[in-house]
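Have a look at these structures, which come just after this line.
Look at the two complexes coming up: subunit A is in both, with subunit B in one and subunit C in the other.
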Partner chain A sequence: MTQHSASQRQQRKRQQARKQALVAYALLSPFLCLMLMFAIFPVLYAFGLSFFDTIDYVFWGLTNYREVLNDYRLVPAIYNVLQYVLVWVSMMVVGVTMLSLLLDTQSERTAAIVRSIYFMPGAIASSAVVVLWLFLLDPLVSPFDFVYQFFGWENRQSTISGLGEVWIFALMGFLGNSGGWIVVLGGALSGIPRDVLEAARIDGANPWQMATRIKLPMISKTITLMAITTIAVGLQIFVEPQLLSLAGGQFDKPDWSVTQLAYFYAFRWGDFGIAAAISILSLILPVIIALTLIFATRFYKIK
Partner chain B sequence: MKTYSRHMLKTTMLALAVTAVAPVASAQDITKLLVWGDPIREPFYKAFDEARDSIELEFVAIARNEMIAKLQLALQSGDGIPDAIFLQDTNFSAPLKTRRVDYLMELQDKVPQATIDGFYPTSNSVCEPGDGTLVCLRNDIAHFMLWYNEPLMEELGLEVPTTWEEYESVALAAAANDSGIVSGAVAMHIPLMNFLYSNGCNLAIPVEGKRDVLNINATAPQCVEAAQLVDRMLDAGTLARVAPFDPEFVELAKSNKLLMIPGPTWFGEFIIKKRYEFPEGTVGIGMTPKWESQDQPLAWSWGGGMWGGWKDTKHPEEVVDLLTFVTTDVDVNRTAVTMPAYQPASVEWGAAFDGSGYYAAGDGFQTMVDAATYAHPGYVSLRLDARSSFNKAVVNDLAAGASFESLLPQLQEEFVNAAKLARYQVVVE
Partner chain C sequence: MNQARKFRISHFVIWSILAFFIIVYGVPLLWLLLAGTRTESSLISDTPLSFGSFATMKETFLNLIRYNSGQVMTWALNSVIYTVGSVTLTLLACIPAGYALAMAEFRGRKLILILTLVAMITPSQAIILPIFLEMTFLGLTNTYTGLILASSFFPFGVYLAYIYYTTSLPKSVIESARVDGCGQLQCFIHMGLPMAKPLLALVAFFSFVNNWNNYFLAFILISDDSKQNLPVGLTTLISASGALNAQEAASNLPVGQPEAIQAAILVVLPIILVFLVSQKHVRSGLNAGAEKG
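Let's look at the complex of A and B:
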């Protein structure tokens, strides 16, 4: 009797688990469908396309890749993008972490208000941010003209060449994206158990020690996540250099970044094969980062 | 339910009525053409639409910087390809007639020779890939002139320069005693290019008779001479190290501190009138200067659009009719915003230009016609983007304070690289 009911209970449990799995997959399926359609399939399609001459549709092996690697603009573009990613990611890691830790020492209400203010610029689309920046960079109309005067920059041209594209794009990226991450890090910080902080305080830790010895190690995973996401986004930089020409033809930078080169081949020259080859090549680095993240760092392992 | 069915009935009757009318319409053989252009060109299309009963145009407005990309997408998908197109940039025709993108219809056997001869000489160079074909028709010409502030010139007791050397000395005389008067702004691609090209400097100029050979020699003596003149004028402060459209330069021009500026034919209407806001009757139009060593001037151009057709259109005759109409019709071109490339049409336009009373002398149009003879024959459409190459190699560094002459070697390198990438053979002559 008891044996029978035990096996029955087990069966019911298994059924329930199967049902739960089904529900989970049912809920996941819209996303999986979209991912298949708009992420996996395009990648596979581009991969196939990159081995074809897309004008007469003949297979020509690695010709597209050879074309890309022989393009004299590729190395400078890679150099630009790497510089940009380095500057931007450093800005994000240092800036966002510092601001979040400082905010955490404030009262909850103040922190919430300031956090919302930080978040605001992130609500503007990056293309609009570029246009906004074109004004900010012009000493004639910019509220920061005193800064530019200090450096001797008298016009938009000298400001842009004085600051350099890398720093301008990094600043744009920082102002556009930091707000969201400040909110995320704020969440991570408020997740730190109260008793840990209490114990530290009783042990005589000052605010600096609290920040560097207790809080920072406990949110380091979130900071790593931010750095990795930022790198992935940064490698694809496109809008900022592409829209710089809005300030005038002389600021046009059609070959500044690698993504722009892909755009150039596809939409200027109509060669989708070479564009696909660039896309596949620029996928290598993010894939390495993602695999390292998942398998080498055990990032997703739950303690 | 009842109202619903009544509604249904109405719709069905309407549908029946439409199908009853439809055969009548198709009997009239209305040809529908899909056409692309910028909003400024819509009246041109509209005029053609009204002039032809059997043709109906569907106009799509496209921004200049999106045109090539959108056309690529349309060609790639094979759907929504325009039968005719207005090319807003002279550099658009070459990239649309390549192995990769073969869009443009060849017009040399379709448009009568007499019509083609009616265009200003060399104005259709931007439509000639160099193999004897003609792939578009020029809308407007835009060669350089010398625009000047007539009252200021008189007040200073100076003569309008006829050579670039005089241009330098006149500018210097005007800037004496810290007057702050400038004579141009050069931190921009084409204003700088004009100094080089006008002196016969070859910077991606096609070699006669060879379609895929470009002559690139940015460090030749003519280029160095021109660059040195620019450098001397920058040092003297007579040329501004900004672009002509930069707000601070516009301020200078508005405050009567701009004596003269080399600029294309559309500069008067679009820049001097609308941005520099020169008062009526003060704008002088001078012949583009020559270099002392030259017998006659050589003028680079800045802009000028073209009209082209799709080579696989179902209605080639109507498309050719359209292209000819918009470029040569006198009534349509009389009110055009820029100087028409078709001579008979431009005469009417010129009368309106001179008659507007905005320009100081009443014969500004004739000066522009005379200058058209000196338009550089090497102003063609290239598969490489000369402007962005020029910006990249020169403009940023120049604006930051470098001398033009010191940048010529890197200009040479960039142009050679860009030309080779676009599959040109490069010669240095």
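Let's look at the complex of A and C:
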């Protein structure tokens, strides 16, 4: 009899668990639909499409991939993007770390105000940033004209070629993204236990030693996270080089980055098969980065 | 005494660096806001950070409004529609999803969580072309619905909600409520939702910024001029008028650099205002986003 009721109880428990799981799926369903529509399905669709000649709709295996890899514009585009990512990531790691550590030596209130000023440019994004930069790069109107005068750059053309696209886009990225990460590192720094810092102070560590030997190792994980996400984002650069053409035809660089090349194939040539192949190829690296990050840091586990 | 001097020097060095960067970060925005009040000739001949006049600002604004009989206002209205639609859908999708991932046990939970994180970290640009192909297939390009739906997918929002519920709603509370006969759905409605206010503000802010600034997706999905949003409209305005291009600037439109600047301000200002109001939330949200780092 006890056995009977035990199995009954177990059955009821299982039933309840199933019901609860159903409710959970119901709560998740709007988001799952969106994820299916705008992440999973498009990737699968593009994957399938990348094996077809999309102009005559015939299967042609790896031809699209072969064509992309043989495109004479691909190597320069990869080279541009890699240079840009390298410069941008270095700027972020050095600049954000330095500013965060310096701000940590100030009182909380001062630091908060300065952080807000640093964060402000991060609020502008997309086309407005590029438009703003096209003004900033024009010695005629720019508030930084004295710098350009120093180098002898007299018009926008000479500023852009003087600085070079790589540095311009890296500066844009730094100005727009560093503020947010300074806030994040500020949070990580304030999370360091006070007694650790106090003990170091008593042992006679000066501010420089405190910063480099105690604080820096304790925030190195957050810095790595910043570097990795910056790389993932940087590899996909599109808007900045694309919009440089607003300043005139001589600035038009439709194949500067890899993402632009995909766009070029899709919309100027109507060849979506090759565009899909580029999309798939350029997804591989970010997804590997994401998975490594997730499993290495156990991102999904929260204490 | 020696130490005091050393302290003063290091203090001076630290503040010079911080101040230098305050200029680097602050001046571009300050310049933009001031430039909106100046005439074309003032932009070129006066010192960069000077103030023009309110009369000029008004005149420039009227010029901007008159462009293509009020197209800028249409774009602004479109931006509002896209943003309100997407933020609403984002909240409706993210909050319950984050709650379920944090509170319930079910099969596939970890897989969904990992997919969400991958989608969050992988930059969205790589996937925009495939989304365009799909939307063409569904006949949703050039529609409000299409862009609103596509920009409502916001995995970062789910992650924020997931962290929020995991850290601020103890599982034991939910479990004891469940023992008392409260079903999962009731628990969400009676406990999850009422405490979600700060979370709503947080997700709404980030989703608002994303959507208001949305350029690439709108650029790809919307080709009809009258359905564009402000960020795309801004570039249409500038390339049509040649406002930024000395050689083509001879167009007879009264749209020059001052108008382009004010159009850019129109894109930027709402974000700055909302940011100033919700700074504290933003900071806590950024920290939550990176806490696991």
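To be clear about the criterion, the second predicted complex is superposed on the first by the 255 of 303 C-alpha atoms of A that agree within 3 Å, B and C clash if a C-alpha of one lies under 4 Å from a C-alpha of the other, contacts with A are read in each partner's own complex, and residues count from 1 in each chain.
Note that a residue touches a chain if its C-beta (ideal position, glycine included) is under 8 Å from a C-beta of that chain, and two chains touch if they have at least 3 such contacts.
Small disclaimer: the values here were computed from a predicted structure and weren't measured.
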### More subunit A residues in contact [subunit B versus subunit C]
C
### Message
With both complexes overlaid on chain A, does A:272 touch subunit B (first), subunit C (second), both or neither?
### Response
both
### Task
Answer with first, second, both or neither: which of subunit B and subunit C does A:154 touch in the superposed model?
first
### Task
Figure out whether A:20 sits in contact with subunit B (first) or subunit C (second), or with both, or with neither.
second
### Message
Between subunit B and subunit C, whom does A:43 touch in the aligned arrangement: first, second, both, or neither?
### Response
second
### Message
Quick check for you: in the superposed arrangement, does A:55 touch first (subunit B), second (subunit C), both or neither?
### Response
first
### Query
Regarding the shared-chain residue A:72, is it in contact with subunit B (first), subunit C (second), both, or neither?
first
### Message
For A:140, using the defined touch cut-off, is the partner it touches subunit B, subunit C, both, or neither? Pick first, second, both or neither.
### Response
both
### Message
Touch test for A:248: subunit B only (first), subunit C only (second), both, or neither?
### Response
both
### Query
With the two structures laid over each other on chain A, which partner does A:162 touch: subunit B (first), subunit C (second), both, or neither?
first
### Message
Using the superposition on chain A as set up above, list the residues of subunit A that contact both subunit B and subunit C.
### Response
140-141, 245, 248, 266, 272
### Query
What residues on subunit A touch subunit C, complex-wise?
17, 19-21, 23-28, 30-32, 34-35, 37-43, 45-46, 49, 98-99, 102-103, 105-106, 114-121, 123-128, 131-132, 134-136, 140-145, 175, 179-181, 183-184, 187-188, 207, 221-222, 224-226, 229, 232-233, 235-239, 243, 245-248, 259, 262-263, 266, 272, 275-276, 279, 282-283, 286-287, 289-291, 293-294, 297-300, 302
### Query
Which residues of subunit C touch subunit A in the complex?
10, 14, 17-18, 21-22, 24-29, 31-32, 35, 43-44, 48-49, 89, 92-94, 96-97, 99-101, 104-107, 109-110, 112-119, 121-123, 125-127, 129-134, 137, 149-150, 152-153, 155, 158, 162-163, 166-167, 183-185, 188, 209, 213-216, 220, 231-232, 234-235, 238-239, 244-248, 257, 260-261, 263-264, 267-268, 271-272, 275, 279, 282-283, 286-287, 289-293
### Query
Mind pulling up the subunit A residues that touch subunit B in the complex?
55, 71-73, 138, 140-141, 154-158, 160-162, 245, 248-255, 266-272
### Query
Inside the complex, what are the residues of subunit B that reach subunit A?
65, 68-69, 72-73, 75-76, 95, 98-101, 187-189, 241-243, 245-248, 251, 385, 387-388, 391-392, 395-397, 399-400, 417, 420-421
